[in-house]
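A, B and C label the chains in the order they appear, each numbered from 1.
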Amino acid sequence: MPSNFTTNMRFKFSILAIFLEVLIIVLFGIFVRYENNQNITKDKLFLYPFFQDVHVMIFVGFGFLMTFLKKYGFSSVGINMLIAAFGLQWGVLMQGFWHMKAQKINVGIKSMINADFSTATVLISFGAVLGKTSPIQMLIMTILEITIFSCNEHLVLNILQATDTGASMTIHAFGAYFGLAAARILYRPGLKEGHKNEGSAYHSDMFAMIGTLFLWLFWPSFNSAIADPAYLQQRAIINTYFSLAASTLTAFAFSSLVEHRGKLDMVHIQNATLAGGVAVGSCADMDIYPFGAMLIGSVAGLVSVIGFKFLTPFFSSKLKIQDTCGVHNLHGLPGLLGGLASIIAAAARVKLRDTASPSAPMQAAALGCTIGIALIGGAFAGLVLNLPFLGQAPDENCFDDSVYWEVPEEERELAGQFRDSGDHRTLNINV
Amino acid sequence: MPSNFTTNMRFKFSILAIFLEVLIIVLFGIFVRYENNQNITKDKLFLYPFFQDVHVMIFVGFGFLMTFLKKYGFSSVGINMLIAAFGLQWGVLMQGFWHMKAQKINVGIKSMINADFSTATVLISFGAVLGKTSPIQMLIMTILEITIFSCNEHLVLNILQATDTGASMTIHAFGAYFGLAAARILYRPGLKEGHKNEGSAYHSDMFAMIGTLFLWLFWPSFNSAIADPAYLQQRAIINTYFSLAASTLTAFAFSSLVEHRGKLDMVHIQNATLAGGVAVGSCADMDIYPFGAMLIGSVAGLVSVIGFKFLTPFFSSKLKIQDTCGVHNLHGLPGLLGGLASIIAAAARVKLRDTASPSAPMQAAALGCTIGIALIGGAFAGLVLNLPFLGQAPDENCFDDSVYWEVPEEERELAGQFRDSGDHRTLNINV
Amino acid sequence: MPSNFTTNMRFKFSILAIFLEVLIIVLFGIFVRYENNQNITKDKLFLYPFFQDVHVMIFVGFGFLMTFLKKYGFSSVGINMLIAAFGLQWGVLMQGFWHMKAQKINVGIKSMINADFSTATVLISFGAVLGKTSPIQMLIMTILEITIFSCNEHLVLNILQATDTGASMTIHAFGAYFGLAAARILYRPGLKEGHKNEGSAYHSDMFAMIGTLFLWLFWPSFNSAIADPAYLQQRAIINTYFSLAASTLTAFAFSSLVEHRGKLDMVHIQNATLAGGVAVGSCADMDIYPFGAMLIGSVAGLVSVIGFKFLTPFFSSKLKIQDTCGVHNLHGLPGLLGGLASIIAAAARVKLRDTASPSAPMQAAALGCTIGIALIGGAFAGLVLNLPFLGQAPDENCFDDSVYWEVPEEERELAGQFRDSGDHRTLNINV
């Protein structure tokens, strides 16, 4: 086992995590204050249910969505939690630095929503490298990605003045291409032919549906949480609701179309049904009519299934990008689609507000910048993560919780005996 | 295998689903618009958390409640999602056609709540035929049932002017009797002696509890979402909260009473604890006092357990109605009970609003119409679903995901070896 | 089998449960009314989403958190539901008796929140005796504990006028020490060397994470639900959000530090990540700055992991307290820490409101009273539960659902064969 494959995290992981928490507490002590108290009435707390919906998406939605791997559930839901809990603290600082007043970052419900949003980018990228990275690597990736994300977000929203209410571009496309670039750098030739653990089991697919459903259900909150004023917020809710419903239908339809004997594939149902939420994001609060939202959703569901069926194998074999969860199909392509839709809508002078329309060139610039920065940033992150001593697992231990987790004994054995099928034993079943 | 048992869905399912989505998009383009923008303030979004609670009930609650079958989890949660996502789009149209303004259907949070409601009827009926129908059949049933439901709802609420705030009659009783009538037509003599897959496993019962709990928790939102003004809404919340608590206690008590050695039965806990939510629905916003709500709930919990224990076997053997999930005990009987309670409350001149009471004869007429229309509609739906070529599974493949889903290989094998073949085999494992 | 180990609950459990429900309905009929209708506007329903978050914590959070045991999931989530559904009714009465107006208890959203809160104490104590008590015992414990809790709560908040917004002391420390005292009395020497069922399986650990996450996510609602006015509520939300995030990081860090080869332990991740929510409770709405909340959370995560690693074994072997879920580490120690933090903050004259500060001596008195009353009350409850004929299971049947539940046949067999029975074996099944 080469020296860069010491998966023993003792001290290394703990010291890094404690150091980061201490650093954050010091920075919070210096910079972070509560939002001005005088102005807060019950009205201000009006956003709190939206925040909670987003919060559930981040921790339950993303966490359980990734539990589809049969032996990697602890890491999926656990490391997801670690990334998000650390990332939201880091995100408050990184996003806050762009909007300081009197040298202070003032936090309220809206900053909590934005902090949760910032972690979504890392969780998306996590999906691309799932099963192949250590918790230490993921902490480092969180720092890098949220920092770069915050800069890109500032560029898109404040400098380019583009609109991206549901963040198709700044979160979904960004997170996907960042993760894909990192996965390219972290390419493992040893996994070229696949890995015995890289598949689902019946129950792990059921757990993943918990993630899918909570993402699906609360996506209207995600896309509308920062829309303002109320009628735009309602429009974002309605558009997302219908876009998701439409993408669910096309995801089912095309899953059955591309599979053997017309069967449905859980991978598509778990992921492509969500593509409508991603794709309608940039246009969420535009006056695209409910049927427009459904058109976007329908195409997104279709594109996502096609991506899983044909593009992921191509990425893996030809581009040397091993995208474990297929984030390109759930976040990358639909994110691109969302950006394109916003360009078209802007060009068609669809009114965002009653007085102003977004500008098509600025939307296009936003999309271009986001992809470019994500690819460069992700590649840089991949290089950093490739440093030895970060606890990366050797190929044969990928997609296996027991490298970084205490796993219940008998279960592990049993799982080994019955799932991996018989290396050193005799199993006789006469029925 | 007879020709009406071609379970190969390829093209058939996909073409139907795509056709329906295209049709819906066209109809939405012609008829559906956003609610008038000018009037929407943050106050209007006040209903959004109620909507989200109902939304969770529809997709997570109903979906996971049906995952109790050991080999039918993908279908339960997956086809539930398909029905609901398609049904809500269809429901917006069917319900909207009764309330058009200037030839347009205007959608807002309240129409989204109502659209979700309309799908509940189909999900209830789905429970009666669970394991025995194909996704193609369920799409067709969704069209038929939501169409008929919308007409009955209009009849009950607008023509008869009955009150049914929590929809004990129009949703629960309707969905149950519609499903039972369909199940009667779809009767399978081959399943008379039961089926090896028609049972739960330890983990599938745990997944089902996710469904139970989210239904139980958010039922106050379901019963109060369309109550108006605020004090009636609060009353509906309180009544439902206490009715559910009471039905939980009697469900536990009677489960232990009717079972061997006083043990508790998961079927009762998963279902009868919810009966209080169903039964208090029609009276939810009436001034029945908290103890009145508890009385209704207590009786509902009792009736539901008794139904599971004695009525379901009778239905199956004598009436030739194979009610997979026992929807008669969760939605049928408690729905009837709710209708009866509303008749009694109206007769006793319980005030609904400070100035007006519902009319007992109209409540009775509403209950009668609902059951009648549900039975006729369900029988008609059953006849349509019996058409050949709709992908129905042969008896031996009922309650088995692998007919319509790609199921993880090893798991299927293992499950087969250990769960099914228990009868005539010798199993040797030498480790 | 001695006569006090008749686990047959038939009649006994049913009669007790029905008697209690009838008693409650009578008492509700006499005492409980709806909150005054005239004043309720949509503003009043503003608390409803907070209520629903707390509601999810009680039933899904606590319920699934305890499903980590491999053969005790039905009881964990089922008996949790029973306790909570009964307890909330009892809690309305017990808390209401202290605040009657014109001999009536008026219920509204806030009383529902408080009723749910009161059940939390029992659910915490349930964790200490999990796997070793019967449903009959738990109903009795619920009566006793909620009654005593309501008195202590009245003492702390109304007589001592202490502040405990997030209830670190009155709920968490109280529930933990009550449960530990009861567990001491119910000590089972036969379980000294552990029990073959007292461990987790891979999937049961996944189910437990559902509980963990919903507790974690909605804890800000728990700590802020009764804070008033809005800016204090927002402060409680923010403080809890950051405290939890910080405790998650230290829980991960110290879990890896104390475990073999730096691996993470699911027990710590499931529990210690929540310690920040408990510990920040008493100070939740004080002006402790975000970094102050993080400091409290960081220490809580650390203390909790250390407790699990070193204190729980010590409690079990030396103090004869078998704390199944380690509630001392999740609720006891962090609850103490929360009380201490509130004393320090009060002493440092941290402003709670702009004009008043809590008093350090009163905070100290509140902490002392709470612990004392909890210990005495718990010991008394333990003595009552030790009465024969309450259906307690013999040692060998502890931690096993099949004593009180109908468990799916094949599963039980299989689970027994593959999970319990050792390593170097030949397994022969002839059916």
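Simple rule for what comes next: a contact is a pair of C-beta atoms (placed from the backbone, for glycine too) under 8 Å apart; a residue touches a chain by one contact, two chains touch by 3 or more.
Protein identities per chain, from UniProt: A, B, C = Ammonium transporter Rh type A.
Because the structure is predicted, anything quoted here is derived from the model rather than measured.
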Rounded to the nearest 5 degrees, what is the angle of the rotation that puts chain A onto chain C, matching CA atoms? 120
Where chain A and chain B touch, do the two copies share over half of their residue numbers, giving same, or under half, giving different? different
Cα centroid separation between chain A and chain B, in whole Å? 33
Scan chain C for residues touching two or more other chains and write them down. 49, 203, 210, 423
Looking at the complex, which residues from chain B come into contact with chain C? 43, 46, 49-50, 53, 70, 199-203, 205-206, 209-210, 213-214, 216-218, 221, 229-231, 233-235, 237-238, 241-242, 244-246, 248-250, 252-254, 256-257, 259-266, 269, 273, 287, 289-291, 294-295, 298, 418-419, 422-431
Flag every residue of chain B that touches chain A in the complex, lowest number first. 8-14, 17-18, 20-21, 24-26, 28-29, 32-35, 37-38, 40-42, 44-45, 48-49, 52, 55-56, 59-60, 63, 67, 73-74, 77-78, 81-82, 85-86, 88-89, 107-109, 112, 135, 203, 207, 210, 404-408, 410-412, 414-415, 417, 421, 424-431
